[in-house]
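Order of writing sets the chain letters: A, B, C, D, E and F. Residues in each chain are counted from 1.
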Amino acid sequence: MHAIYPGSFDPVTMGHIDIILRAAAQFDELTVAVLINHNKKGLFTIEERLDLLRESLKEYPEIKIESFSGLLIDYAAKKGEPVILRGLRAISDFENEMQLALANKNSNRNIETLFMVSNPKYSFLSSSLIREIAAFQGDVSNLVPPAVEKALRLKYKEGL
Amino acid sequence: MHAIYPGSFDPVTMGHIDIILRAAAQFDELTVAVLINHNKKGLFTIEERLDLLRESLKEYPEIKIESFSGLLIDYAAKKGEPVILRGLRAISDFENEMQLALANKNSNRNIETLFMVSNPKYSFLSSSLIREIAAFQGDVSNLVPPAVEKALRLKYKEGL
Amino acid sequence: MHAIYPGSFDPVTMGHIDIILRAAAQFDELTVAVLINHNKKGLFTIEERLDLLRESLKEYPEIKIESFSGLLIDYAAKKGEPVILRGLRAISDFENEMQLALANKNSNRNIETLFMVSNPKYSFLSSSLIREIAAFQGDVSNLVPPAVEKALRLKYKEGL
Amino acid sequence: MHAIYPGSFDPVTMGHIDIILRAAAQFDELTVAVLINHNKKGLFTIEERLDLLRESLKEYPEIKIESFSGLLIDYAAKKGEPVILRGLRAISDFENEMQLALANKNSNRNIETLFMVSNPKYSFLSSSLIREIAAFQGDVSNLVPPAVEKALRLKYKEGL
Amino acid sequence: MHAIYPGSFDPVTMGHIDIILRAAAQFDELTVAVLINHNKKGLFTIEERLDLLRESLKEYPEIKIESFSGLLIDYAAKKGEPVILRGLRAISDFENEMQLALANKNSNRNIETLFMVSNPKYSFLSSSLIREIAAFQGDVSNLVPPAVEKALRLKYKEGL
Amino acid sequence: MHAIYPGSFDPVTMGHIDIILRAAAQFDELTVAVLINHNKKGLFTIEERLDLLRESLKEYPEIKIESFSGLLIDYAAKKGEPVILRGLRAISDFENEMQLALANKNSNRNIETLFMVSNPKYSFLSSSLIREIAAFQGDVSNLVPPAVEKALRLKYKEGL
């Protein structure tokens, strides 16, 4: 069973890493897929996000790391209709995710979405929160992989 | 009993159509009211949205289709204080709608808001989801009326 | 347009009265319908609940007050398929009500449920809360009609 | 990848069947597991529930159908630590399920819970709703498999 | 500033202990108050619950431990109108707690309720979950204080 | 016990005032703290917001009114680690607030967040709703202090 775990990963957090490692232990094949969104300028470029994922997951070479653009459902169809894996942290996630899962199902009846509950330790965590804390030089060391922490420091130093 | 069903309708979806037809069967008079929001550029112009509503509802000439600007509560007062009708799809709708209903009630004690539950088939559906799917040439044929599907195709061809 | 407002009303609260009076101002005809539930012994008998409703609404003789047993949808069909009116106080109400509305719709496509938002003053109010406060001789004077307050005092004195 | 889909199934509904068939198409192995709860007398006996599942799924002999007692996590450990599959219909499900998933994870770090979103057509559906409608001779024909409809009719005739 | 932390504590969990210790660090005075509910037979007697609290908090003699019966608001009035402290774990807690806080405020305008967010580690934890796991000899060692774990073992051995 | 009540206050509403006065009655010291957000241009300048707070609370000179920039947690650390006070109106507030409280706790274990439930009269109220109503010359007289009403009238006259 092949699963793709899509997201913006701008940047990857320990909440994502937790889901990725738990999923890698269950699924035969796991692809982490970074969404290219041309309308929304992120903090990190797609190339940087892929590099941070690769660096953070370098001990798990069996996990594939890719980027894609366009509709998730079209990307999934091209990959042979794997399941889509999503993490659930909280109610607001849930409702949004439920609508996306149903919309995807409406477009392609063969593609299922499966959800995994976030570790409660990371239930408050999001990439946008990380960007906000880092912008004010707050401590994010227990919330992101070391490579991300270093990249954030450089990013905000550049900004000075 | 007269009801107005306000919204942006950018564009009208099958979820809206479902509420409109069910409401038309219950209320003596029904007005679909397109909100003119000068601060937010939509995909379709107000005139296009009205045309798409008229085309999609042409078999129901008893349903009035109008636009309005300013506060909904002022528009409703001018129309003789009909009830305001809103669709509920999900929790996130609910809370926002509840606050609007209470805010309207606070401004004019005579104007009530009534809610109707969306058909679960369309519970994941929103105009913004339609715009997003259409932007990537995804299939929206069972989610919008035929006139809207055609208009979306033209709109995104224009974009090329 | 005829609406029925069903419930247990064990006992009727100011939250119910608020919905009833606002609905009576909008609908051509309004029937308050007390559900007879043989499986659940209430605090007040069905006859007492009807009496308390009649006493509390005696200035509004145009509002009908009845009881019914069996499925709401069957009762509504016998009454000529009026709309069902329900109050919404909070999220937990919402989800339960949404499921009931969809279940009713599934059984009879002609019967619609409309929702009205509770006055926030009464958003914390339920018949079970009233019974609990009254059981400990707490003050419920601003939460129920005078007739109910008196009946609760007698009921709990009887219990001694 | 092996999944177990646990529940009370008192009785199995079309909502359950929808999840079961979609899961069977994705997982290498699927076991439907009926929880034996000695503290809660159900409408159907465990043996009847298993029979209704077997009859409703007889075209899918690859799907295993079993019962278990005690903690789900102990049952899952004995089965070789498959993933636990659960359906999500609504927010109230979500929160409860999230707590169960975390509690299970706390007991056995190797056992994951995966969630699948219910078909919105069945989002209002639960076994308890079925029992309630059937008790009043309401129509449940599009909500349960034919074998369950027949069993409910017999069950409530017995009751007369 | 004096706070009372009311609850059933049947039995006290690590989630309660976390709130109690964090509150003790902030408030000048803290009283843990066990509600005596004559209508609901618990697993532990009120005396046992008080003993388990005393044993679990013996290193913090400044924390008062008491029981009360009747309405919380009357108990609080007798104690000189301290604030009421409650823990919030999840949405379902929130709504129920919000209604209780408003009901208490309605009865006595001087008594405020303050909420503290549970440690996410314990966000899935409740006394009823503990009772359920312990009934099946599941492991609760990281979810309750040692004294409670021992008491649960004795309690369920007694049951044999 | 010292509490800080942070927010944007663009502008202060009766919902804020209600929380502030109730908190002032409970805490030994209360500081209202206006967040300076350089990325988001508000309707009122920070200086205007402080003036409107001072004018609205001039009968309560014991309440401190300040502004701060950067992370709330850093500001709180500089102020001697008071508790952070937040109002809760609705579920959507709740989840967001819960995440912020946990994020703050993660950064500084000594700083607690306490929540107070909004008066239900103001449960629909937010600064953004006020700005929207005022922009259309709607009536906000019972939703904001008199000084704010006057300032809004001037602000939108300037706009002409």
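Note that contacts are C-beta pairs under 8 Å (C-beta built on N, C-alpha and C of every residue); 3 or more make two chains touch, one makes a residue touch a chain.
Predicted model, so just to flag it, every value in this text is computed and none were measured.
Shared contact partners of chain D and chain E, listed by label: A, C.
In summary, the chains found to touch both chain E and chain F are A, C.
The chain with its Cα centroid farthest from the Cα centroid of chain B is E. Distance from the chain C centre to the chain F centre is 38 Å, each centre being the mean of its Cα atoms.
Each chain gets one centre point, the mean of its Cα atoms, and the points for chain B and chain C are 31 Å apart. We define each chain's centre as the mean of its Cα atoms; on that basis chain D and chain F are separated by 48 Å. Contact with two or more other chains is made by residues 91-92, 95, 98, 102, 120, 123-124 of chain C. Contacts between chains, counted with the stated touch criterion, involve the pairs A-B, A-D, A-E, A-F, B-C, B-D, B-F, C-D, C-E, C-F, D-E, E-F.
Looking at the complex, you find that chain F touches chain E at residues 1, 22, 25-28, 83, 88, 91, 94-95, 98, 101-102, 105, 110, 112-117, 120.
Against chain B, in their complex, chain F makes its touches with residues 90-92, 123-126, 129, 133, 136, 138-139, 142-143. Here chain D touches chain B in the complex through residues 91, 120-121, 123-124, going by the rule given at the top.
Here chain C touches chain D in the complex through residues 70-71, 73-74, 91-92, 95-96, 98-100, 102-103, 106-107, going by the rule given at the top.
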